[in-house]
Every structure is written in structure tokens, then in C-alpha cells.
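Two complexes come next, and they have one chain in common, chain A, joined by chain B in the first and chain C in the second.
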Partner chain A sequence: MSLATLVLSLADNKQLLGLRYAEWAIRAPSLEADIAAAAMGLDDLGHSRVLYGCLEALGEDPRGPNRESDPSSYLCLPYFGRPWTSWSQFVAANAVLDTAFSVMIQACVEGSVDVLRTRLRKMLNEERFHFLHGRSWLRTGIEPGPLEDAWTQAIEWFGPPQGEVERLHREGALAMGPAELLAQLEERLETTAPVGPVDWSGWDEVQRSTRPMVIDDRTFAMLRGLEERRYHPAGT
Partner chain B sequence: MSPDRLIEALREVRDPEMPVNIVDLGIVYGVRRQGVRVEVDLTFTAMGCPATEFILEDVRSRLLREPGVEEVAINVVWDPPWTAARLTAEGREALEAWGLAV
Partner chain C sequence: MSHGFLRVHGRAQEYEVFARKARAEPLRMVGSVVAPDPDLAAAYARATYDEERWIEMAIVPRDQVTTLWAPGEESEG
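On to the complex of A and B.
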């Protein structure tokens, strides 16, 4: 796995996260949370655009022509493949996964790759509010299932102890390896990960997960802009 | 034509969402002219700004109205990140007058 593939994974996950946030903009438990969902969704879609824009500067764009036809070409965690059905899923993603992505962005900003050092710094400013929102809702208490799922997928996304993220860390491109990333995530959330050790034997280094990612048809259509065109035919 | 004049031209470009022009908003990081070509370094207040395309188009079309300008290249930059500290005094006053906390 190259640094560009990791950045693409970050971009794809943020795009899906933004989409899922947006779906809750009229379903959250309060008007303020609705608005926060919309604002955070907009932020993460913007972050994904900037991350995609970094690929050229990194000298490699791992996106192939199958992006229009193959949902598995999106490097997203299984957590984002289907719409969330509970607020607990939203909060767990907001608190744990969004923060996990921010910790990786911090590793990029403090690493040695110039384009990531300069372009991603603003994301950390914007993500501070996502973190505060997620942490506040997390403190109100949520179902344990989504929380454990989010932690497991965050740890898997950081990668195995001696994997490519660790190599990028040793080479200096990233300021943190998987162990430091997890420690940073736990420190920010003021807790230890409530899950056991990962069995890395079935881990896919491209999808960065032990489970297959399945994107439903409607989500895939939205990623390609097809859903929007149904409502805005003049824009096609 | 000096960059100052081009900056003055950009004062006519307003943020679509806020009652302030983009120069006083502090998102214009640099303007350079080389012959008929003008290059602008521009940032946005937020990476998810939904008005980016409008602003880019407004910048481009306003500069193309300046005498002798035939080409406009806009570099979107994110370093240093925009913060409210980049507002000019006029920009801050304009936003505060509209009740926006800055």
C-alpha cells in the first residue's frame, strides 16, 4: 500500500461519512444536532475533495476506471456502506471514526510529505468542532454495539502493528504508526478501546478492514451523483 | 497595471453568504500579473464552503474586465489556514454590523 492509497482511503471514507452525516440532517434528536449534522457533512465532503486533490501531487492516483461501475472500488469501511438506522451509529461514527481520521490527518500534517503538511492543516481546525460534538453526545450514552463496531473499525483502519502504516511512519511520511494513532485516539476520547485484539489474518490492506465492505445501490448512485440528477434533471 | 489595482477590483467581489468582499474577508493571499495573465492565490473560509464555484467564477470574470487582462489563473491554497484573524478591520466591522460573531 502506498501513501496515495492511504490518502484515497481517507478521502473515500470522509466522502461517505459526509454523506451519512447529511442523511441525519433532518433526523437527529434536536434541531441543533440536525444543523450540526449538515455542517459536519459539508465539512467532510469538502475534506474529501481536498484529499482527492492531493493524489496528483503525490504522483499517483489509485482510482481506476471502475469507480463508475464497481462499488468495491471505493475504499470505505463497512461502517459506511449502508445508511445508519440509529442515532447511536451516528454518535459512534462522529466520536470515534471521525476522530480516528483526524488523528491520521495529524500524522500526515506532522509527517514529512510537503503537500500533506500544507494542505491538510486546516482540516484539523475544522475537525475540532466535530470532535467536541461527538464527545458531547457520546457522554449522554449510546448503545454499546455501534460503539464497539466503530472502535473495531477504527483500529483496523489504522492497520496491523507491522503493516504499511508503520512503514510509512518509520520512513517519516507519517508522524505516527498504528500504536501511536490508537494511543492518540484513546487519549482524545479519554478511554481505552472497549474491544479485544484484532485477528489480522483476514485483514484486507486496501479496504483496511477484516470485513468486506458492501455499498448499497442507492449509496453508490449518490456517490456518482445519479441520485441528485433525479431531482435536478436540468443539471445533467 | 499594479497588483494594488487588481486588489481593488477584487474588492468588488462579494462573498455570496456574508456581507463582505473577499479582500476584507482575507481570503485573497496574493495577486500577480505577468503580461495579459493574472494569477491569484485564494483560500476559502471552510474546506466545505458551498460557494467556492461562485467565488471562483466571480473572481475570474471581474479580473477579466480589467484592461489588458486576458487570462486568469486561480490557485486554491490552504496554507496558512484561514481564520477570523485574517479579516481586515473593515471586514470585521461589516460582519459585526450584521450580527455575525467574529
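On to the complex of A and C.
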């Protein structure tokens, strides 16, 4: 796995996270939370655009033509494959996964690769408010299932102890390896991960998960812009 | 669905939101948000009032504002 593939994974996950946030813009528990969901959705969709824009500068764009036809070509965590059905899923993603991505962005900003050091810095300012939102809602208490799921997927996304993220850390491209990333995530959320050790034997280094990613048809159509095209008048 | 979560949190309070676009301007009140704690109020204020390019934004719990006179009353000036 290259640094570009890691950045693509970050971009794809942020794109789907943004879409999932946006889906809750009229379903959150308060009007303020509705607006925050919409704003965070816009932020993360914007962040994904910036990250995609870094791929060429990294010297390699891992996206192939199969992105038009193969949902598994999107490097997203299973957590984002289908629309969330509970507010607890929203909060767990907001608090744990969004923060995990921010910690990785911090590792990029403090690493040695110029394009990442300069272009990603602004994201950390915007993500500060995502974190405040997620942590506050997390403190109100949510169902344990989504929370454990989010923690497991965050740890798997950081990668195994001696994997490629650790190699990128040793080479200086990333300021943190998997252990430091997890420690940083736990410190920010003021807790230890409520899950046991990961069995890395079935871990996929491209999808960065032990579970297969399944994107439903509607989500895949949204990613490709087909859902929007459905509403265009015929012949335009 | 958001079953089990109240639309307005029981502990929620109102925060006034102040902002300005330039150093030469005074902070002015641009609106308010309702939230159960200052962190969430800050996130809500930023999300709700982020249309302008503010150089500064601050929130104050409404119950921390001391009213000298209210609308309809007159100052002694």
C-alpha cells in the first residue's frame, strides 16, 4: 500500500461520511443538530475533494475505470456502506470515526510530505467543531453496538502494528503509526477503546478492514451522480 | 430515527452568539443557539452562523447576561 492509496481511503471514507451526515440533516434530534449535520456533511465532502486533489501531486492516482462499475473499488469502511438507521450510529461515527480520520490528517500535516502538510492543515480547524459535536453527544449516552463497531473499524482502519502505516511512520511521511494514532484517538475521547484486540489474519490492506465493504445500490448510484441525473428532464 | 433522544434536551440552555468580520468592528449579536453544554453550543454556533467570513465568534450563556434595562424601559441617559 502506498501513501496515495491511504489518502484515497481517507478521501473515499470522508466522501461517504459526508453523504451520511447529510442524510441526517432533517432527522437529527434538534434543529441545531440538523444544521450541524448539514454543515459537517458539507465539510467532509469538501475535504474529500481536497484529498482527491492531492493524489496527482503524490505521483500516483490509484483510481481506475472500475470506479464506474465496481462498488468495491471505493475504499470505504463497512460502517458507511448503508444509510444509518439510528442516531447512535451517527454519533458513534461523528465521535470515533470522524476523529480517527482527523488524527490521521494530523499525522499527515505533521509528516514530511509537502502537499499533505500544506493542503490538509485547514481541515483540522473545521474538524475541531465536528469533534466537539461528536464528543458532546457521545457523553449523553448511546447504544453500545454502534459505538463498539465504530471503535473496531477505526482501529482496523489505522492498520496492523507492523503494517504499511507503521512503515510510512518510520519513513517520516506520517508523524504517527497505528499505536500512536490509537493513543491519540483515546486521549481525545478521554477513554480506552471498548473492544478487544483485532484478529488481523483476515484484514484487507486496501479496504483497511477485516470485513468486506458492501455499498448498497442507491449509495453507489449517489457516488456516481446517477441519483441526481434521475431528476434531469429527458433529453438534457 | 431518533427514538430515545429528546428533540430539545432537558438540560439545554440558550447561548447568545456574537461575531465580527473585521478588527475595526465591534462584536455584535448575530443570533442564538440552544444546547446542553458549551462544546455543543460552539459546534452549533459555528454550523448555524458560518455564512459570513467572521474573524471572531464567541458564545455567552444567556443567563450570564445581566440586563440593565429591557425593551420598553428607558435608560436614565
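Keep in mind that, in the parts below, the second predicted complex is superposed on the first by the 231 of 236 C-alpha atoms of A that agree within 3 Å, B and C clash if a C-alpha of one lies under 4 Å from a C-alpha of the other, contacts with A are read in each partner's own complex, and residues count from 1 in each chain.
Operating definition for what follows: a residue touches a chain if its C-beta (ideal position, glycine included) is under 8 Å from a C-beta of that chain, and two chains touch if they have at least 3 such contacts.
Quick caveat: nothing in here was measured; it's all calculated off a predicted structure.
S.K.: Is A:Pro29 contacted by the first partner chain B, the second partner chain C, both or neither?
M.R.: After superposing on A, A:Pro29 lies in contact with chain C but is clear of chain B.
S.K.: Once the structures are superposed on A, label A:Val50 by its partner contacts, choosing first (chain B), second (chain C), both or neither.
M.R.: The answer is first: A:Val50 touches chain B but not chain C.
S.K.: Using the superposition described at the top, determine whether chain B or chain C touches more residues of chain A.
M.R.: C
S.K.: Return first, second, both or neither, reflecting whether A:Asp12 touches chain B, chain C, both chains, or no partner chain.
M.R.: neither
S.K.: In the overlay, answer first, second, both or neither for which of chain B and chain C A:Thr140 touches.
M.R.: A:Thr140: touches chain C, not chain B.
S.K.: May I ask you to decide whether A:Glu156 touches chain B, chain C, both, or neither, giving the answer as first, second, both or neither?
M.R.: neither
S.K.: Going by the contact rule set out at the top, does A:Glu166 touch chain B (first), chain C (second), both, or neither?
M.R.: neither
S.K.: Considering only touches as defined above, state whether A:Arg121 meets chain B (first), chain C (second), both or neither.
M.R.: It touches chain B, and chain C stays clear.
S.K.: Which residues of chain B touch chain A once you look at their complex with the stated criterion?
M.R.: My answer: residues 46-50, 78-83.
S.K.: Can you list the residues on chain C that touch chain A in the complex?
M.R.: 1-9, 12, 33-37, 39-40, 42-44, 46-48, 50
S.K.: Would you mind writing out the residues of chain A in touch with chain C in their complex?
M.R.: 27-30, 32-33, 35-36, 38-40, 85-87, 129-130, 132-133, 135-137, 139-140
S.K.: Using the touch definition up top, name the residues of chain A that touch chain B in the complex.
M.R.: Listed in rising order, the residues of chain A that touch chain B are 18, 41-47, 49-50, 118-123, 125-126.
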